[in-house]
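Quick notes on the structure that follows.
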Amino acid sequence: MADLHIDGVVKSFGETPVLKGISLDIQHGEFIALVGPSGCGKSTLLRIIAGLETQTAGDIVIAGRSVAGVRAADRNLSMVFQSYALYPHLSVADNIAVPLRMRTLGAAQRLPLVGRWMPGAAERNRDIAAKVRNAARTLEIEPLLERKPGQLSGGQRQRVALGRALVREPAAFLLDEPLSNLDAKLRVQTRGEIAELHRRLGATFIYVTHDQVEAMTMSTRIAVMMEGQILQCDAPDIVYEDPEDIRVAEFIGSPKINILPADLRGGALRLLDRDVARLARVADQDGIRMGLRPEALRLSGADAVLTGIVAHHENLGSEIYAQIEVPGLAERVVLRADPAARARLGLGSAVGLDFDICDALLFDRSGKRLRPVIEAARAAHQVA
Amino acid sequence: MAVTELSVAAPASRSVEASQRRTGWFLTAPALVLMGLILLGPVLVALVLSFTDYALGNPGFNWVGLENYEKLLTRSTYEKMFLATFTYVVTVVPISVGLGLGAALLITSVGRFRDLYKTIYFLPVMATLLAMAIAWEFMLHPTIGMVNRMLETGCGTILESIWPFMAKGCEGGFPLWLGDQRYAIWVVCFVGIWQGFGFNMVLYLAGLTSVHRELYHAAEMDGAKSAWERFRLVTWPALGPTTVFVVTISCIRAFQVFDTIEAFWPQGAGPNKSAYVMMFAIFEKGVQQNLIGIGSAITVVFLAFVMFLTLIQRWLVERKVHYG
Amino acid sequence: MIRDWWKHLILILGAVIVIAPFYMMLSYSLKSPGEIDRGEGGFFGRQEMMVDERCVALRDPNRDEVEAAAERFPGLTDRAVRDALIAEAEAECAMRPAVFNYTMAFTQAPLLRYLLNGVIVTVSIFVIQVLVALPAAYALAKLRFWGRETVFALVLFCLLIPVHAIALPLYIMLAKLGLTNTYAALVVPWTISVFGIFLMRQFFMTVPDDLIDAARMDGMTELSIVWRVMLPTAVPALLAFAIFSVVAHWNDYFWPRIVVTGSRELFTPPLGLREFKGDGDGSFFGPMMATATVIVCPLIVAFLLAQKRFIEGITLSGMK
């Protein structure tokens, strides 16, 4: 188990740049999620770490030593592939045993048929069998050990792939969208199991996914990647509450954060022709974008900053999401409310929305986060 | 054209099933008739005649029971026949399958000239075997043939000291190849391999494209570092069905070898009948010598081998499909 | 790329062995008997004028011709006149080896006729195979009728029977019918191609049923469905099958050897070549190689022009 450093990794395929300079320090035992939309380069980065692709520039350092020029088989990493990549002709037990056989048995001991009678082979094979059983027990697939991958369901195959990865004890586990081939229910269940596995093993996990829910729920740190760069790498709650870039704010969080246009003139933050706060330490500018999460908005009276008509609502039982058409705003504002407010959120009802300026995330025209000091704020109205 | 359908005037007295049945039988009738006449009938004819001493032109024949089969099992000529046939099959099939696989692997792994190699290696499959056999015959001529001429150029060089065969040849003359009992069948095998491995190569090339690429990555992560390990872990198992098919086809073609032998030795099938394969025996005994009885017996045994082989292939493929 | 050099070395070595007989065949078809014997002259041979001995021997002057020619050589003895005539004959019978070889190939035996036979036989076989196999494949793939499974089982069983294996009983049956030494004998045993039925059936099963139902609604009879609807969709598979069939039957030696014993007019190209060889005359090796080249050429040239198609075809039929 070791630390892993990614140092200025650049990757281009021909003329097309895919990774534009990635640097990241991963501590031993962390669960780092590489999350981002398709095409942002996260799978490529994972494969470069694994050694299956070579970077155009930059370095990967594992346990204090650069692995430049070291082939994937020698980097002491394990990988779980999106398609699982199980050997179709081998049983589950043999599949899981492959990494051990490759590394602990000598060439003579691996020969078909005669290998097992080579000196020393019997003992090592017993060893391997024990480790395989352990891994199978951890993942609850012991009854499947004699079956072939073709006879297993998707979820079972995924566990076998996990088993194959953890039967050795690598410096880090690399997981490439392992849940994307599972159905929704299984995904939720397996999410929890992988997170628990991580806690139990205390190992370093590097997990690639396009699903921000997975990233939020499983990781100790999230690295949000877009267009070949890491925009932010922090603990999930920080990425959620304190994003550095508007793209991070928009990507993380479901439903998507509300973005409202605002201006700062003479220290006054104006939204829809109303002053909503006095700010300092930030220059006057136009084109400010204010991010408000659905749960940061509250229902209030007709005097509220945002007023509009309920255009659509979704009652999830434990909460209600309502989409409000606000005149002057191009997009609907999404509000999260208690089920008790059902009556006030009927279709077509007129509602007013207020918010605490401290909950607002301000970004400049280019998307960078603004952190002003709030001198005065319009008080948030109570929920009626 | 409307032979299959009743005229439109006839009302719905016929159902869809009846009409499909009529049509079905009508459309398959020619094939069925031909199958019966050309494939099944002759098998029965051969079976029946194998118990007789019939000869073409004779008004009648006698039943001789198992006498013909007894001859097959006891006479030394037939011992040579089985020996030659099996030597050929057991030599040509593994080597031509192996070379086909090797060529496919090599060609897949080089970056350039792939199509050129593919084309060259496939040429022998397209060329009339008889013509190429004659070409090979001349190449193997003891004095003016290319092969021995080339071997002669090795005389007086370092090869003579390290290769005993070369040394012996330089001294006493290189082998007569087709005239030498020890070499004859091996030359025939060589020509068979030369002609057949290109076909196997093409089938393997197709099989190789269907191997999942991610499996190679998984193998790398698991620690399989050499080409041999990757081959054992991923490639060879994935080629299972292809191999079964290739081996079966190669076996059946190997059993049917004839052209080369008749080209090299129009009579006698090699010095001391060392290349007296089954097809040649059928030809010689049945057609040339008009001994239909024994010819039919050989035919029946031959059919049995071929059918057995194909059934094994089918069974193996079935197994893989259900457990794969 | 550089690391691949040893792979290329092996492949090139293999290619040399594979091409060797082709090289020799082509080369010797261009050389004179002397060059062949001595193994010299590079690939094309030196193409020096050679004298065709047979041609000279044919024009060996007899008494009358010598006397008649005496006028043209005044003052010479009979012997000298004779020598002069022979010299003339030699001059007229001189030609380049390549020309000699190929002319001999076409004149010593009716090679063109043999090639024509090859075409007739191959084309007839393929056409009849298609005529028989396509309707049957359609019926087995798309029509539901009692006994269909049995018929298909029969097809599968017949796949176990290679026609060459039952050559002897077929020959006897044909002989009894007096059909040996006919085109029918060359063509008929191959008209049923169970492999073709199997291949086409696999292909037809992928055609959507709706297409056929629509054709039926339009009033097409089942037979016209086979030719107007199914055939166009199966062109790639048909092409593959055609390649298989043509190559196999153009190159077939065993069956014609059994069934065509008398008339030269019926010889297929391989038989023609063998006839050449049977003459046994060593000095005729050049023309024999020329004949071999001519026989092998059509398929090789077609292959070189359409390699992808050929290889695809073999692969397609191979993977069933």
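Order of writing sets the labels: A, B and C. Residues in every chain begin at 1.
FYI, a contact is a pair of C-beta atoms (placed from the backbone, for glycine too) under 8 Å apart; a residue touches a chain by one contact, two chains touch by 3 or more.
These numbers come from a predicted model, not from an experiment.
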Path length in the contact graph (chain A to chain C, fewest steps): 2
Chain nearest the global centroid, as defined over all protein CA atoms shown: B
Per Cα centroids, the chain farthest from chain C: A
Chains linked by the largest number of contacting C-beta pairs: B-C
Inter-chain centre distance, chain A versus chain C - centres from mean C-alpha coordinates, in Å: 66
Centre-of-Cα separation between chain B and chain A, whole angstrom: 58
Inter-chain centre distance, chain B versus chain C - centres from mean C-alpha coordinates, in Å: 19
Chain A-touching residues of chain B, taken from the complex the two chains share: 212, 214-215, 217-225, 229, 232-234, 237-238, 240, 323-324
Parts of chain C lying in touch with chain B, wherever the complex brings them together: 1, 4, 7-8, 10-11, 14-15, 17-22, 24-25, 28, 36-39, 131-133, 135-136, 138-140, 143-148, 151, 154-155, 158-173, 175, 188-189, 191-192, 194, 197, 221-224, 226, 247, 250-251, 253-254, 257-258, 269-270, 273-274, 277-278, 285, 288-289, 292, 295-296, 299-300, 303-304, 307, 310-311, 314-315, 318-319
Chain A residues within the chain B interface of the complex: 50-52, 71-74, 77-79, 81, 83, 85-90, 98-99, 102-103, 112, 148, 150, 164
Residues of chain B defined as touching chain C within the complex: 1-5, 17, 20-21, 23-28, 30-32, 34-35, 38-43, 45-46, 49, 56, 103, 106-107, 109-113, 115, 117-132, 134-136, 138-139, 144, 146, 149, 194, 198-199, 202-203, 205-206, 245, 249, 252, 256, 258-259, 262-263, 266, 279, 282-283, 286-287, 292, 295-296, 299, 302-303, 306-307, 310-311
